[in-house]
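The two complexes that follow have subunit A in common; it is paired with subunit B in the first and with subunit C in the second.
Moving on, here comes the complex of A and B:
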């Protein structure tokens, strides 16, 4: 997936931001499954690059929700990270071996 | 020709827009079209000739003095809001050259035909690029100079790749959504807010009733949309419906952390 400008489904050449230089390739665990990610990129970006769009399910309606604002405001990308609930994955940098889990669905 | 300038509250000095227009007859001069009260002053920093001044109050819109400007274009590249452009009427024949910042992926070079766009993103007409250069400031900003009819020289605020605009309509006709989340945390839909908004005279009472803005984000995301919606439903000014009370901290913090828990 991806090409020189979009390495691994990431934005490599952004018109305004600096060039994406990567970061060490590390493994994180998403719902127990190993996933290759770049160290230092937002967890949401790693999930997005891997084709995963759903981060949580709405409490009342049970609808799937995914990262929406990407700047830490909307709370749609909240997941359980290393056992801590309600972590905004768009604001959390990838660390090697981190565990990212879909929050438990509740009936509200 | 008459120049549509900006009125500056009660000041009698020459309108900088008219001054820039006159001066542009001899060559490029910067025009600052910034009325935003935002804490921002890279334009002032960029200018080596002191032609742009923000002053003590960093939120004040910049004042510019076309008499001091040498048309270097640094401020055009530096302004994060793309609110500065260069005007050059020295070409004559009822034509003018306008230099605007361009930050999209397509490469701009002389000879290319583009759309000249106004400040609202509407196309004014076709224009030919007569110059393009990468300029300092932020990475990737190109200063694109287009030649246009003098009559709309002051309206051009940007350019758009012509191919893209021709292939895709500028704005797709969208059907109004029937159901969509407005308060995402508490899962209150836009139509639901529309149903009840008119019953409440303030944003806070709407919140207490419908739970909008009481979730994880505490209204950081939805407050502006709610205010606009409520003001429209009540036919009030947005300022009149109030705001949620802002309580520290600004960012979400776990209660455990406040209680002294590590990590």
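Moving on, here comes the complex of A and C:
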């Protein structure tokens, strides 16, 4: 679920950098849908690259939340990964076939 | 259940410039040193700095941050430092005992000397809509773009015209994003002139004396309204990211947890463990260095790291007092130079009041 246009996306040509995290292209499953990602990059980065900014919904208000710090401090990026809840997706590297799910709204 | 226990002479938490310099300095005196970082790459903030640094040769001026990180990493290896990446220190207890989490679980590490060099965390800024996806720390945007090659947005509004705001804005441009504006409540650009000119040359407009009113959007930021402070003019930007570059605070919970007395300094970003000029805290065997001891910059972090490494080596008996003093005098001289000039002067005074607090 998310934006019509992709607000994120991958960086194309860069004047200084030529190497980024993440290796070969693999498929992960986000809320059951296949999404192509790079092995080893943080799951949150893969989601952003695909234009998906929402990682969870606030427990009481139901408002959308997304990654805020990208270094494991804020917990805004928590999702359910391979059945384990509250995993910080900015810290967990992509593995082939990984299942990433939006947390149940009630258990936020 | 008892956890596996490991005993070491010295442990450093944080593989940034401060932690690596502390580790290298102590290891060179023959101390047994392990350095831990939760990240899987060494270098701390430096690995996402792709611009060239200023300052002196000793601190890597003219090199890009990630190149300096690489050099420090090689130096650590050569000095015999054991580097443990992907290891998060969850807690630090009196007596130098720490609980560490790695891929396989949790273990306890006890060290006679512990250097807390955990860096800083970004401050937030609350306005209606600040919790929307797309609003993030400028450092978060920098991590996305420079480490992972992913854009935080196509059209970015930067909040904060200090060095971090200016540098990250330029890096977003380099990566192909559009920066729709750099906004600051202050009437002045806080960052260095070179960084300001670089973004201005690219045509990025500045909105000084402005503040954010609200960010709106359904699944994330779509537009942001801003207004002149105390004025009538308002403006609405179409933007899909808002980056907050409104300052950093020392990240030193570990020190607080093991009983270090904490002191406040506005100039240095918030609460930090009290420490003396030799980077000793009030807890025996616990030292602090770098942004965790007050937010300054990488070159200061390196010197403070060296100082902490010398104090630890001295207290461990790996180095004689006279010899340590001689080495410390050199570090003191560099720190004095680094804290010269109008920016540095304020930091130096703030540091002095921390030492006396």
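Going forward, the second predicted complex is superposed on the first by the 88 of 108 C-alpha atoms of A that agree within 3 Å, B and C clash if a C-alpha of one lies under 4 Å from a C-alpha of the other, contacts with A are read in each partner's own complex, and residues count from 1 in each chain.
To be clear about the criterion, contacts are C-beta pairs under 8 Å (C-beta built on N, C-alpha and C of every residue); 3 or more make two chains touch, one makes a residue touch a chain.
Given the structure is predicted, the values throughout are model-derived calculations rather than measurements.
Q: Is A:103 in contact with subunit B, with subunit C, with both, or with neither (first, second, both, neither)?
A: neither
Q: Which of the two partners, first being subunit B and second being subunit C, lies in contact with A:45: first, second, both, or neither?
A: Touch status of A:45: second partner only.
Q: For A:17, select first, second, both or neither according to whether it touches subunit B, subunit C, the two together, or no partner.
A: A:17 sits against subunit B and subunit C alike.
Q: After superposition on the shared chain, which partner residues are touched by A:59: those of subunit B (first), subunit C (second), both, or neither?
A: A:59 sits against subunit B, while subunit C stays out of touch.
Q: One more residue to check, A:69. First (subunit B), second (subunit C), both or neither?
A: both
Q: First (subunit B), second (subunit C), both or neither: which does A:78 touch?
A: First partner only.
Q: Hey, is it subunit B or subunit C that touches more of subunit A?
A: After superposing on chain A, more of subunit A is contacted by C.
Q: A:86 contacts which: subunit B (first), subunit C (second), both, neither?
A: In the superposed model, A:86 contacts subunit B only, not subunit C.
Q: Which positions of subunit A sit in both the subunit B and the subunit C interface?
A: Dual-contact residues (subunit A): 13-17, 58, 65, 68-69, 72-73.
Q: Give every residue of subunit C touching subunit A within the complex, in rising order.
A: Residues of subunit C touching subunit A: 38-39, 50, 64, 121-122, 124, 131-137, 139-140, 143-154, 174-176, 218-220, 240-241.
Q: What residues of subunit B sit close enough to touch subunit A in their complex?
A: 103-105, 138-141, 184-185, 187, 215-217, 220-221, 251-252, 254
Q: Within the complex, which stretch of subunit A touches subunit C?
A: 1-3, 5, 7-17, 20-22, 41-42, 45, 48-49, 53-55, 58, 63-73, 91
Q: Could you pull out which subunit A residues touch subunit B in their complex?
A: Of all residues in subunit A, those touching subunit B are 13-18, 58-61, 65, 68-69, 72-76, 78, 84, 86, 88.
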